[in-house]
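Each of the next two complexes has subunit A plus one other chain: subunit B in the first, subunit C in the second.
Let's turn to the complex of A and B:
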């Protein structure tokens, strides 16, 4: 008689599905995982229902991987349920870890997002101006939808999180490393981000081309310049988040001749990735007088959205001031 | 209550070599300046990490002042130039976050400019009083309230 296999669950909240794909991207290795565990809940791939999870004993799932940010009441309810049923919760991917791309919604609120989506975009065809409601009665049936919040949250604002798997989406080696560590019981202290604690630049081949004194006279977007495939991006005037970003991603963007966008979040020593990158970038701007500095600063399109592309909800300010959203 | 004058909370990061000494001079010269400014001594204005500024706003400051040596006078050669660049860029980011640029001020105050320090504190406090509270912790800001 063999021992029962540990139970594993996957869930998604506000995300694109790329993190689900990252599990499938394990390729042949996924067979090893499936051989070692029982998958008890995975809405994207397997037909289990919420009531199946509710019927499980508390703490009976060994580990649940949750991807996506939390921005709706239904997601809040599901992650609380899964927290109760699981011994370990892993925030899987940039959105659960930091807020991610959906976290850019924190420059807006429910009202302005609904206005754009249901009324003002060119492709909107909504003559009656209908907006989703949380409760509607129609033909004798009471229909409900989850509530949409003003603010997007990373998973750890809502429930206790044991580990973080960073990246958009996490590299397969990181996922396999996490699964192996869990199965072998060789886990780091609770709260750890399961990726090396150094900056992306430490692993970057282009670091060798860094000039003695790195300065920027004008910033350019990747679409405005023919990028040299060997020279560092900052040296070419293109914003690269590498200095304020954790390594372990496999540098796939850099290999594709695209600068780092910061999806891995900051290393442990940094609280606010955007502020830390701002600090590093500002210090290398090649001007000492206000008009000269402002000229370079004005060449940075949407600095807040660029520096906080993945981390706005987990930053110190968390969101744009509510009263200022128009 | 509504008749009471709004007293803004100001966090001031002052460099050890010029501005902190300038503030000290204001004190020894018995120059009165508003008690709204809470002073934090740092070794250089270039030491002020933008995270410090954001944390001050997050925790209830209505304004943040950074003050350092005049251009060319930095004890560490160019720390104040770094402070200036960070101030310009961070001001733009703060505006995107809905925090008025007027709430984040950079001033050069030398060790002999006690009166300038007094004037800066008075001006900044009055400007913030006119702007009103930052109110960063209003409805829906920190928790997942359904608004």
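Let's turn to the complex of A and C:
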């Protein structure tokens, strides 16, 4: 009798479905993966329920890939369950890894988000001031909803994570690399981000155009200039997160002639991607005095939302202070 | 005490929606709810962001239809900056968008909607998936499906960096142009795409239309609701995806309204319910009357069938042939049969493929004038496109630096939120009688919302395999007395 195939599970939390699409985009390779493993839980595809997972022996799933940030009560419950049942947990994609785009919600809280979504948005017609409730009786019918939290969390705030598969969405080569490493038992030490530990700039074609001494006198928004398709973005004065961002994405945004926004997160030696970028930027500012520096920095219109575009919940900031949220 | 039936459609427990059905003392359906238990709050965290970044941020609303958000945000940024993209940029955007439509629509047919018909509504669950479709139509065709998807996504990735979460939509144009070498290559792909889509329509014809059993389901009362329909149209009232005015027809098919995107607030409002995180758009001039059909209710529908109903014709010749045929077979306009969304979806895919060819045959598409830099002070703007799942509205107000001060997003699936609830309730009423829950309910409840291709099951729509369903029937004390599963 042949060896039993390793059991694999997939789950998603607060996410867009792009990570699931990234698996479909493996194309013909997906069939190889399906042949090599036994998929025991995949909410989007297979008819296994939460109670089926509960019935599994602890540690019986070889690896579970979880994408999405965590911001609803049921997501928390589910990831704890999957942790218990799995030998390995892989945080799949930028949201599980860093908090991702939904993590921008950490500039706000539940109250402000609800106020906007259910009250002040211009098309909302809500004379009674209704808001979704976790428990409600609608004309006598009892209905429940999961709780919406103030704060978005990356997966490792909630459970222990073994590996990180970065990117929004992860490049197919990284996904196949991770799956192959797991199947062949050739995994790096626990906690590793499964992508080369160097910066995007190291792999970027435009690096060759970098001047001897790169300096910038002012920054330009992508909307303000005609972007040159060959010159490095920082050399054009356009904020590009490449220096503070890990490679492995294939530099596809750069191929699309747009600057990096940092979805891969920082390389290993960097704790805080935004702080790292700020220090990289400081080193190329062409100004000798404080007013000069201020002028350049003021030309960056949304520093927090740009430097922490994908990583706010996992940064040293984590979120805007609750008392500071209007 | 009323009995309750819970359909937890996807195992991600309530992640993307659950159905609650309540029965009266006779065991007949009183009320059904589709709850969407998730919220992320993009409208709030858009505040403070530069408006030109929204074409990169909002695609993360949906990884299955990121291109729709990319495009609506790009158009809204044009409007905020009062800048019109040059003709080549507009052609490139249309190419990107039609490629996206064709890919998304045909994917839906083969992976999700199609299995219901191609493999058959009564087929075992294990066969009702893409593999079952391949089994029925042949491996060679399965290979064609995968290749068509890859080829079209290559066009999107070339022009936008990546197919999942595209980049390059800027106020006044796009970041990257098309050279002659790639035009020739992509034109060949586009031509194959037309044939591929015709072939999908042929499958629909052979498998569905030639089977009276299927046709009876399509035209049956259980899957019919009479509503208003909304869709984007061009100057000739033809089905349009990228740009145009919104046209609304009433349940009798007569024009009820036609308006510019910037005027959408005169026509659309959103109602809030306490039992779900989504809002329910309705026609302001008719009013919110609850989850009811007919002319007096402001409920409207969007997406493929709604677009065909709201328009007078298709833009392209081959799609027009199928359009005429659909209305002839289904008894004239408007068609209220929810399952006809599947047919309409393929007809739209054909128009998208034909438009790709038209755009790529025009040498102007390789022009180098692809951006017009904004010169005016940014203020406020609305961008509306048709997403595959319906009218998609992005509306931003900014300060004088173009930083967002308020945002309003009405996403495509939500346009059908009320109708999806009504469709499920109607199907449930037809298939649950006197407390008898037939096995068929599992299929039928699913078939009631699948035509809308709802985005709160957005991952679902991408995967091989039927949507997993469990229905628990509880007795008066809440004990489960029966579990149906597939």
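The rule is short, and it goes like this: the second predicted complex is superposed on the first by the 321 of 326 C-alpha atoms of A that agree within 3 Å, B and C clash if a C-alpha of one lies under 4 Å from a C-alpha of the other, contacts with A are read in each partner's own complex, and residues count from 1 in each chain.
The rule is short, and it goes like this: a residue touches a chain if its C-beta (ideal position, glycine included) is under 8 Å from a C-beta of that chain, and two chains touch if they have at least 3 such contacts.
Bear in mind that the values here come from a model prediction, so they are computed numbers and not experimental data.
**Student:** Pick one for A:257: touches subunit B only (first), subunit C only (second), both, or neither.
**Tutor:** Touch partner of A:257: subunit C, not subunit B.
**Student:** Which partner chains sit in contact with A:125 here, subunit B, subunit C, both or neither? Use first/second/both/neither.
**Tutor:** second
**Student:** Given the touch rule stated above, what does A:321 touch, subunit B (first), subunit C (second), both, or neither?
**Tutor:** A:321: touches subunit B, not subunit C.
**Student:** Tell me which partner touches more residues of subunit A in the superposed arrangement, subunit B or subunit C.
**Tutor:** Comparing touch counts on subunit A for subunit B and subunit C gives C.
**Student:** Does the superposition put A:107 against subunit B (first), subunit C (second), both, or neither?
**Tutor:** both
**Student:** Touching A:29, do we find subunit B (first), subunit C (second), both, or neither?
**Tutor:** In the superposition, A:29 touches no partner, neither subunit B nor subunit C.
**Student:** Looking at A:76, would you say it contacts subunit B, subunit C, both, or neither? Reply first, second, both or neither.
**Tutor:** It touches subunit B, and subunit C stays clear.
**Student:** Where does A:203 make contact in the superposed view: on subunit B (first), on subunit C (second), on both, or on neither?
**Tutor:** neither
**Student:** For A:168, decide between first (touching subunit B), second (touching subunit C), both and neither.
**Tutor:** second
**Student:** For subunit A, which residues lie in the overlap of the subunit B contacts and the subunit C contacts?
**Tutor:** Residues common to the subunit A contacts of subunit C and of subunit B are 107, 302, 305, listed in rising order.
**Student:** Could you please specify the touching residues of subunit A with respect to subunit B in the complex?
**Tutor:** Answer in residue numbers: 70, 73, 76, 107, 109-110, 147, 149-151, 153, 157-158, 270-272, 274-276, 278-279, 281-283, 285, 287-288, 290, 293-294, 297, 300, 302-305, 307, 315-325.
**Student:** In the complex, go through subunit A and note every residue touching subunit C.
**Tutor:** By the definition above, subunit A touches subunit C via 11-22, 24-25, 27-28, 41-50, 52, 71-72, 74-75, 78, 100-102, 104-105, 107-108, 112-113, 116-118, 120-126, 130-133, 136, 138-141, 143, 145-146, 148, 168-169, 221-227, 229, 252-258, 261, 301-302, 305-306, 309.
**Student:** Would you mind writing out the residues of subunit B in touch with subunit A in their complex?
**Tutor:** That would be residues 49-51, 53-55, 57-58, 71, 78, 81-82, 84-86, 88-90, 92-93, 96-99, 134-136, 138-142, 144-147 of subunit B.
**Student:** For the complex, which residues does subunit C have touching subunit A?
**Tutor:** Contacts found on subunit C: 2, 4, 8, 10-15, 20, 22, 31, 33, 35, 37-41, 43-45, 47-53, 56-57, 59-64, 66, 77, 81, 125, 146, 149-150, 153, 157, 159-168, 170-172, 175-176, 264-265, 268-277, 279, 281, 284, 288, 371, 373-374, 395, 401-403, 406-408, 410, 457-460, 462-466, 468-470, 485-486.
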